[in-house]
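Same chain, two partners: chain A is paired with chain B first, then with chain C.
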Partner chain A sequence: MQARTLAAALATMLLAAGCTTTGAGSAPQEGADGPAELLFWNTGSDEQAAAMQAAADRYRELHPDVTIKVQAIAWDDGHAKVLTAATSRSGPDIISGGLSWGIEFGELGGMIDLNRYDVSQARQQTRPELWNSITSPGGAVYGIPMDMTLYVFYYRPDLLQKAGVSTPPATWAELFTAVDKLKASGVPTPLVEEWGTFEWLPWFNYLKQAGGSLYSDDCTQVTINSEQAVLATTTWADQYRRYGVPKATVDVGAGLAKGEYAMAIGASYLAGGFDSGQPALKGKWQTAPLPTGPAGAGSFVGGKIVGAMSYTKYPQAAADFVKWLYTDEAVEILQREVFTRGGELYISPRPELLAKANASDNLKQTLQTTLDSVTGPPNCKGWETSGAEVSKRLQAVVNDDADPRTVLAEAAAVMQGNLG
Partner chain B sequence: MTRLRGELIRLPLYLAGLTMLVPFYWMASAAFKPVPELTRNPPSFVPGDPTLDAFYEPDWDPAVRADQVVAGLFQRYPDVPGGFLRFMGNSLFVAATITVLSLLIAALAAYALTKMDLPGRRVIFVVVVASMMIPWQVTLVPNYLIVRNLEWLNSYPGYIVPALAKAFVVFFLVQYMRSIPDDLVHAARVDGAGEFRIWWRVIMPLMRPALAAMAIFVVLAEWNNFLWPLIIVQDDTMANVPVALSRLNASNAFNPHNMAVIMAASLLTSLPTVIVFLAFQKHFTRGIALSGIKG
Partner chain C sequence: MTAVLIDKPPTARPAPAGKRARWRRAVPGYVMLLPFAGLFVGFLVWPLLNALYFAFTDFNGVRPPSWVGLENFGRLWFEDQRFRTALVNSVIYVACTVTLTTAAALALALAFRGTSWRDRVMRTIFFLPSVTSTIAVMLIWRWIFSGERFGLANTVLARFGADPVSWLSTPRWTIPLLVLMAVWGGCGYGMVIFVSGLNAIPEELYEAGRLDGANAWQQFRYLTLPQLKPVTTYVVITGLIGAFQVFEAVYIVFRAVSSVGGVQDSGLMLVPYLYDMGFTKFQLGYASAIAWTLFLIIFVISMIQLRVTRALREL
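Now for the complex of A and B:
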């Protein structure tokens, strides 16, 4: 882990060094007319890269001049690796990675503004909340959404019924009532959280459900220190303080299978591994949208962007392939191949194609409902730097019994400072 | 009686030693467990039905998804000639080359600093020792930029050349070489031997224990090197084992059945280091004693 931190630090140092050197790879850009050989670093598993390669192979059948080689890079190391490539102007032609990577690397001059290649079709097909997240404050689109990860409420109906809870909790009040009842019925840890456990990510769901936000829509003001945020923070902290939600990452599948957990708030990708990883869980789990707060439903949406690097010799070909990933045919290939090779669910940024995904009707219904209330990561300047600091201050409410208003004021000061 | 008492006093050490072996045992046994057994909770300590599926899964078909069937280690990386063995080969080649060349270079430097009438050799030695105080991460950026400008990214020279100068090895060999009498060198010079010949024929044979101790440290460090390869490798075929393991680990997040494959890869990865350690255990212990390096 230390090495990975060092990798990130190295890449950051390269920013400074890269700014003062001329890149050996800064060759003149060529058009897409001639044969193009593109290297695509796909952040994720080997299976996801293989699925993307299948899509790339199909693209080559349609465009014989363009060959695309897809390589997997791990999430843990991907950011440092792509940042190094972006700043040193050497590396792949196309990358996929976190939703915020496009703005981050694009603002450094490492990625192409895809507006130059007309991504209006993709914009129309993507949910506006998601598109806003990947659009820089200046309007540049350095990477378009490639897939989505949604928060899902997983539960064991049998355990809920045994505890006298007939339906999955739909509100905060019902959620915590269910926790009490499940505890009384003998479930040791009724509720767990996954995907950013004890970090700002799951807290963000509460923030939205309370009606709060991190920044104003135009990114000119920090809004984290609102009364809605105080309510969200208090409720989020109470999960740990009063209702026994573990602060450490847990094995959701194993816990649900053993009946140690009855409910889990986690990422949509977990669903793919439940049946195969925990045969005892097969047929025993269901999903529902996250319980709602006083302002209604709200859920964070994550996922990946895909974009072209600024130093690529073939910007037109790279942009064309990136856009092609939005076609029906590409989405169908990715849905099929991601499931076949990794047992995973591929959630396209085109929500209308969710119906064709390899998932149970219950899960698809949950995801469809969740999509109506999603918000992506902020696209405001400085959020990447502020996220960890915000998490630290939120954790202080649980760990040190700090006052939510105080910590949110501190978080706001950090965010305002980074906002510039 | 005294011996028995001595053993009893050491008992906590034995227990602590066994405890430290548990993760290694877990890794080794998990590599041979069938998937249902691997995911069982509570886990089994000994594989009930050992299998080699994590290395090669005969039922795996890339076109058909079946629960609990994932590609074995040697069925992965179809685009990389040799698959996982290629990564091991890269690690082995790079670690061996760096070890041999860096020791030779360090031994030459140590000879020049101790046995030759080199002007300013004290200053040079102080500079070499002082350079050990600079965190090696600080040199990563200049190294990276140099390697990039030389167009050595994604190449063996990019792996090897920046790792050849090792101040600590020079320091260690200088200390050891000082214990070799200068009279031997003088005698060789009187006999008409040149400096290179003296270094190779007279000094190097006497340096064997020190070189062996350093070789173990260098080879282990290079075998486990993750950060530098992560940054300079841009093509799968050039990856080393730690980089490949990191990638493999990513697959597990989505399908826990890859855990057995990760354990198989970890087992293969750790075997060379275990073999090196067992084969050169005495030198390793001596190296720690001589250099004062601790855990």
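Now for the complex of A and C:
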């Protein structure tokens, strides 16, 4: 009996031991050329991960002792997964994710400051607005931009012409005049918003076009409660209240194909799926930069960062691969593979390589023009916490007819509190 | 000598040899329980105690937690406007959901309590939502209440010439839609419990009632309802716990229009708020305080419910 009891206890202990994870407890191994086995969590689709794996395989040809396995994680739960990995100090060596993730996880101690591995080359090649967004207030760079997402104005030239609009609207006034004309011509929903539809992102475009900002350049003052912001908020709210822009996310491609929508303000990633997802739309859509406001052009730039987790056993190899993604060769592979595998457009953080992207001349021209006036997300302390709060106050202007000045003052108070 | 043995009290301590034998017989049972006990302690008790500890710290998930005492609870109960919004939303949602679900479940049970094919089929149909994938169901609800013209609700409205409604981005619709989803998904489960309760009521009681001249309503009011009290208590308490823990409906359905909580926090509930603070804003210590507050709320309400039920029974 005692033997059986002992055996059962041993079995239980073995079972428990088998359930435990192996953390990265051993000392970091320096050396860019390995040997190293890196796990890369690429936030996005399986096709994007496969494209990144193709790039990683090429990297292995150049560095035979460094193996990189790329896994896709979904946007929906990627944030929580990376947090869990950072908390447990086990999981991937490299991650990609939202532009703000680097500062978020880096400030928590979950990611390596890549300044230690000399990212000056990448800094020089990236647009300053984008680089500023991924640099923490203290100067740390926990992840460097991996790709860019830009706002694009999509439209159906045939529907615009039928409504008596000969060119895509270039200003706010022209935009809303076009909405009225399209409505009169029978288009049920002339304009739709996509990418952060009823949140702060589309409003941010209006803010830039009105000449406003969220914070002062040095992040010491909140500037959201300016007259420019009031104008931006009123105009943004009017697009929902007066011009019938849907407040929920819509299927832009399907709507444009059916002729239910004639114009859409959306992310650049949409462009890749139009022809493949909506064959009826092929040859019927065009793009233009967003309409300008009283202060001129301006829009938000997003994208992904790529960086190394702080617990990785191979920080040097991970950082070296991250930097390699900026090379001409890596960008060329990603442009080709992302398009081949998913029909999507890969926009490198190196703007001079945009000309080689798999896109129509019209779209490339639009992106090139847009790049001249983009602004990334603020890197000021507390913005991550404040963003949703700002959205909810802005929504009150549309839903409750709240006074823009009042809601912006409330938003400023929240942001100032989080700024410290 | 024999008389002494017979007079020995039955509760006397067994001989040491007997105790050892009983212990030997019990040991394999305890050993076989060990895997479950290990999992229970490792995945339930330990996380619960850990969360209680974190509730008194400023733990952000990565850096070691530091003790802040009651600061999280003070901020939560006296300063946090979003928590108040989440609490009020939750209380309204729970009250509406539990009441309507219980009433609908009882009505369905009374309608389909029999053993005929029709009753069995109807019970199966109403029970289906309880065994259907929650994610799939929520995505269907999202499609039904899509603000676009192809959304089912808007398609029906269009038949009557009405303009499409932005169901999910209009704050006044948020709680009613959440309640509708919950009642639709929960009344089948409650119905099954009520059917078993109804079939356990002795038929003699109804015969006696009929002999005394009780009509159908009086039989329901004075026989069925009192006899169903334990079952009703079970349905209400389990429904209440489930309603306070609502997450998927808020997170999936309203994701199309806003971040956690729906437009203007109109659908913010306690668990989605907990998730938002813990996994979006990395305030795991604060999220733990929310979790333990939620536990206390459910515990107190359940105790009150049990107490009231017992008091009614004693009347």
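Note that the second predicted complex is superposed on the first by the 386 of 420 C-alpha atoms of A that agree within 3 Å, B and C clash if a C-alpha of one lies under 4 Å from a C-alpha of the other, contacts with A are read in each partner's own complex, and residues count from 1 in each chain.
Basically, a contact is a pair of C-beta atoms (placed from the backbone, for glycine too) under 8 Å apart; a residue touches a chain by one contact, two chains touch by 3 or more.
Values in this document were obtained by computation on a predicted structure and should not be read as measured data.
**Q** What is the contact status of A:L108 with respect to chain B (first) and chain C (second): first, second, both, or neither?
**A** Second partner only.
**Q** Should A:V414 be classified as contacting the first partner (chain B), the second (chain C), both, or neither?
**A** Neither: A:V414 stays clear of chain B and chain C.
**Q** Would you check which partner chain A:L290 touches, where first means chain B only, second means chain C only, and both and neither mean what they say?
**A** neither
**Q** Now for A:A80: first (chain B), second (chain C), both, or neither, which partner does it touch?
**A** In the superposition, A:A80 contacts both chain B and chain C.
**Q** For A:G272, is the partner it touches chain B (first), chain C (second), both, or none of the two (neither)?
**A** first
**Q** According to the stated criteria, A:E384 is in contact with first (chain B), second (chain C), both, or neither; which is it?
**A** After superposition on chain A, A:E384 lies in contact with chain C alone.
**Q** I want to verify the contact counts: of chain B and chain C, which reaches more residues of chain A?
**A** B
**Q** I'd like to know which partner A:G343 touches here: chain B for first, chain C for second, both or neither.
**A** first
**Q** Quick one: is A:L150 in contact with chain B, with chain C, with both, or with neither? Answer first, second, both or neither.
**A** Neither partner.
**Q** State which residues of chain A lie in both footprints, the one left by chain B and the one left by chain C.
**A** 9, 80
**Q** Enumerate the contact residues on chain B facing chain A in the complex.
**A** 36, 39, 41, 62-65, 67-68, 76-77, 79, 137, 140-142, 144-145, 148-149, 151, 153, 226-227, 230-231, 234-236, 243, 246-251, 253-257
**Q** Quick one: which bits of chain A touch chain B in the complex? Just the residue numbers, please.
**A** Counting only chain A, the residues touching chain B are 3, 6-7, 9-11, 13-14, 17, 21, 23-25, 39, 44-48, 50, 69, 71-77, 80-81, 84-85, 88, 90-92, 253-254, 257-258, 269, 272-273, 275-279, 339-344.
**Q** Where on chain C is chain A touching in the complex?
**A** Chain C reaches chain A through residues 24, 27-28, 31-32, 34-35, 38, 42, 60-63, 146-149, 166, 168-171, 256-261, 263-265, 276, 279-282.
**Q** How about chain A: which of its residues touch chain C in the complex?
**A** 1, 4-5, 8-9, 12, 15-16, 79-80, 83, 86-87, 104-105, 108-110, 188, 197-199, 246-251, 255, 260, 384-385, 388, 391-392, 395-396, 399-400
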